[in-house]
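Have a look at the structure that comes next, please.
Just so it is clear, A, B, C and D label the chains in written order, and each chain counts residues from 1 on its own.
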Amino acid sequence: MNPDIRNDATALKGRSGQMDIDRIKADFPILKQPVNGHRLVYLDNAATSQKPKQVIDAIVKYYNESNANIHRGLHTLAEKATSAYENVRVHAARFIGGVDNSEVIFTSGTTESINTIARTWGEKNIRSGDEIVITEMEHHANLVPWLVLSQNTGATLRRISLTPDGQLDLTNINDIITARTRLVAVAHMSNVLGTINPVADIAELAHRRGAIVLVDGAQAAPHMPVDIKQTGADFYAFSAHKMLGPTGVGVLWGRKTLLEDIPPFTTGGEMIREVRFDRVTWNDVPHKFEAGTPNIAGVIAFDRALSYLEELGMENIRSHEIELSGYAINRLLELDGIEIQGPLDPHLRGGAISFTDAKIHPHDISTFLDSRGIAIRAGHHCAQPLMRTMGKVATARASLYIYNDRMDIDALIDALKETRRYFGV
Amino acid sequence: MTNSLDELYREIILDHYRSPRGKKPVDKVDIASDGQNPSCGDEIAVQVTMDDGTVKDVHVDCKGCAISIASGSMLAEYTKGKSLGEVKQLADTVKKMLKGEGDEIPPELEDLDALKGVRKFPVRIKCALLAWMTLVEGLKNYENGKTGQTPLVSTEDES
Amino acid sequence: MNPDIRNDATALKGRSGQMDIDRIKADFPILKQPVNGHRLVYLDNAATSQKPKQVIDAIVKYYNESNANIHRGLHTLAEKATSAYENVRVHAARFIGGVDNSEVIFTSGTTESINTIARTWGEKNIRSGDEIVITEMEHHANLVPWLVLSQNTGATLRRISLTPDGQLDLTNINDIITARTRLVAVAHMSNVLGTINPVADIAELAHRRGAIVLVDGAQAAPHMPVDIKQTGADFYAFSAHKMLGPTGVGVLWGRKTLLEDIPPFTTGGEMIREVRFDRVTWNDVPHKFEAGTPNIAGVIAFDRALSYLEELGMENIRSHEIELSGYAINRLLELDGIEIQGPLDPHLRGGAISFTDAKIHPHDISTFLDSRGIAIRAGHHCAQPLMRTMGKVATARASLYIYNDRMDIDALIDALKETRRYFGV
Amino acid sequence: MTNSLDELYREIILDHYRSPRGKKPVDKVDIASDGQNPSCGDEIAVQVTMDDGTVKDVHVDCKGCAISIASGSMLAEYTKGKSLGEVKQLADTVKKMLKGEGDEIPPELEDLDALKGVRKFPVRIKCALLAWMTLVEGLKNYENGKTGQTPLVSTEDES
């Protein structure tokens, strides 16, 4: 193994609680690789984050030292793998505010987490005439499952609309979340607008109306401290790959009483207690929801991603992103014809910054930036209805993370200026 | 890699992009077909006036990137006056050229040849294809005697 | 990077088509690790296989060089990741006999693959009074989804029983697969008995009766050449982790006409064509069935696992396992009180060899063997109904793969003899 | 590591395993409880005859490994003659001991102390717990005045 691999990130906290971005960058092998002859400036973190070598090493270590199928084996490797896997459950429960371990279900990602609830809790509880409330800024993952559910059951899908600066418009919220509402599904942080939503207030109202609340935490969990109890959520979903972890791993948290009440989503090995040819009893939660061989290596390496984030401190990460988003927004606003979607105050938002150029299509911006080594995203960001609401076909989106700094933002701004010159508009 | 960037955005393409042909709505809509590139959000509407088996007028309305706009503009320019068969043949040639399965663009259509640079940008192939696939779908409908809007065309399968 | 890492396994084929097991073993880092002071003898391959360094390296390389979310990005990393991911689809399609690429769906494993069909094709097509046929040897993954479906729809679950030596008893098959049969779900190879089932014959009959056929290939795909067209299957499912690939990756193959006809399983990003707040149209297959961010790293590394297997040659792997299973069965039969479940002729079976000792419980066998560095599995192997049919609560199971040799079998036999002495029975 | 193996399978355990106590069916079934260890396939049936709040006779039928059989045998041996409260206390002590949360096994129950070795084999803790959890469930039922079979007890949650 490479001797210069540091196995902990404790030293990464600079004085005064700030983060030492250079040292963080050094942990990410991919950032050392030039792209199109330029230094890689990775600003597509809302899509997926890069992985520090600590996480990559954890995958290698797992396969080299303890690879085995879990929960079923009595041999040493199986015991090592099982206890490592179950320890991540404990870790994840702690990471999201100290919930009960058995309320943490590993899935393949946010999308599967949300679908699990739509097709179990949803199919069990939603009836014709019921209402499901979403918001206009939802990612398809927190929209299509509810649209399909409402179509299949005859329920009505209602939505909370947006203010011009991309926040939830709560003025008529009492007309939207009503006694007919059974479920409110809302993003904790928007992947397009960056907006941080007042989920606790919404949950409070929803609960008063007798509805339950699912929070899509795909963008929040990586970027700010999340204490699930404080969100008021009944279900909370997020993905490892957006928070330094491997692809193919997600978390679904749910209140135990709810999880115990609903049927499993997928069925097969590990999730049954006893099965005969004519009857079956389910295993206890969380196992009831983890059928088959899970992404064992992925879950085990996710542990290291959580540690990395904890060592930096989620509060520090949030501060860093407030600071850097503020800088990026100010610099973008200096540019002619650039319009930012979403709130401009960095305290109201995360670091996913969508913008459009009055004259240049986001795809062209993205392709041009890429030729300068800058990775941003352009398109609908899996939020087509939001695009339509905003009157856009697409936006460009730069999204920040722990390894980004002002140098990266300056590179973005310089390249944007060049883009205009290049297209001659 | 500024080179491959310049190959993508050749001058001809930037010219079509800045002043796209086919902006004017057609008087009589014989063929109407909408398309989109779901992964990018590009949207296009193609409307055609036919006259005795021949494309008389074409209107292209594209909300998209330089490539999709330029490709749509070229479509408007080069299909006008052509027979149904010729248009389909041309669309096929463009598709094959974009996919690198043959690049025999007739010399009189040299603007189209500029789309070649797209091949080095696999995700953008869909953008260049959008207008053509949308038109072809409209033609099929027309040939089958169906009137009205075709189902939305998607480039998802392509490239 | 370690200089001695070989990046291809082409040299692994010995003369006369046989495999050079020592060279293969050298590719698997975990096999170099002592377990409980002994050389690791890994005989738990039916649960999961070990991974060659080529596969582990592919994961590292992906994260170090091209990690990005796929299908959505216009930047260089996203293009690299997308084209690598889509190339694996092409490769997998070739590996299973050259099917249409768009018929290959990536899932998180066999369990999800089968559930996908049960909850899409199944819920759409199965009605009260219909019959679903399974076999008595099915893994829970190919049993519980059909049990649940039949309970929810009022369909009847019927089953093909077994001969005393653990093969399918087809004598009254015409009474089981009838005009009422809508689906036959059958394992290609049993994970407990090792039995290879005549899926083509069953499919032929099923098709004549108008039923469709799902084949659980979790144990077959890793161990023998599989040409999906020859199996007659309409759906075929398998897992990467049992065939040198990463955890959290599976394949669902389905006939395009069927896939196009059924609704998606999970919904969200990537799998829609267009969505508004009140309607949605699906993307084309296979994307319709791949919602959200998939296990990108896992799929991309699976490519290398497929190559590794191809370089050895699936025919050679099968021959090796016939030879080694035959040896193992003969040596086990030498032992007093050992009973083997499943066919004894290695040509009728794969290398998953279940056995029981008249006097010692499988758990005790497994724990004792583990103290000698030998990893086998003991329990119900996620086939409780089969255990009941056989009148067992559990079996011990040694299961072979490409890196096992006679030395491993000899170690097993010696340790089993010691087990009896140890327990004094 | 033969050492930790020998710690798991101590002589006392092997003795209980080879000649388990409580094999004889009880005459009168006041408590009947079945348990299983789903991940291993162990199955146990515990039946108890009560007499004036005291365990009069115990029958344990265990299809399982040496550990679960030995643990069930010890249960049969050590619960006979004890009051409901004492039995519950004992079950609790065993559970805590197995989970390493305290190991004060009273000296007169030294056989039980032999189960300690299980702690180094996390997967086997469920085997050692099975009999005890199954009995406790039966006791609860009995105390609540319910008769008949208890729901199947599972060790899945434990360890």
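FYI, contacts are C-beta pairs under 8 Å (C-beta built on N, C-alpha and C of every residue); 3 or more make two chains touch, one makes a residue touch a chain.
On a predicted model such as this, the values are computed, not experimentally measured, just so you know.
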item	value
Minimal step count in the chain contact network, chain B to chain D	2
A-D or C-D - the one linked by more C-beta pairs in contact	C-D
Separation of chain A from chain B, taking each centre as the mean of its C-alpha atoms, in whole Å	37
Whole-Å gap separating chain A and chain D, where each centre is the average of the chain's CA atoms	46
Approximate Å spacing (C-alpha centroids) for the pair chain A, chain C	31
Interface hub residues of chain A, defined as touching at least two other chains	36, 72-74, 78, 272, 274, 363, 367, 378-379, 384
Residues within chain D bordering two or more other chains	39-40, 121, 124
Complex contacts: residues of chain A adjacent to chain D	71-74, 78-79, 82-83, 102, 272-274, 281, 283-284, 287
Complex interface listing, chain B residues touching chain C	36, 38-40, 121-124, 152, 154, 156-157
In the complex with chain C, residue positions of chain D that touch it	1-2, 4-5, 8-9, 14, 17-18, 39-43, 63-67, 69, 121, 124, 127
Touch list for chain C against partner chain D, complex	36-37, 360-364, 367-368, 371, 378-380, 384, 387, 393-394, 422-425
Residues of chain A touching chain C in the complex	29-30, 33, 35-36, 40, 42, 44, 47-48, 50-51, 55-56, 59-60, 63-69, 72-78, 108-112, 114-115, 119, 136, 139-145, 147-148, 157, 159, 239, 241, 246-249, 265-270, 272, 274-280, 291-298, 363, 366-367, 369-370, 374-379, 381-382, 384-385, 388
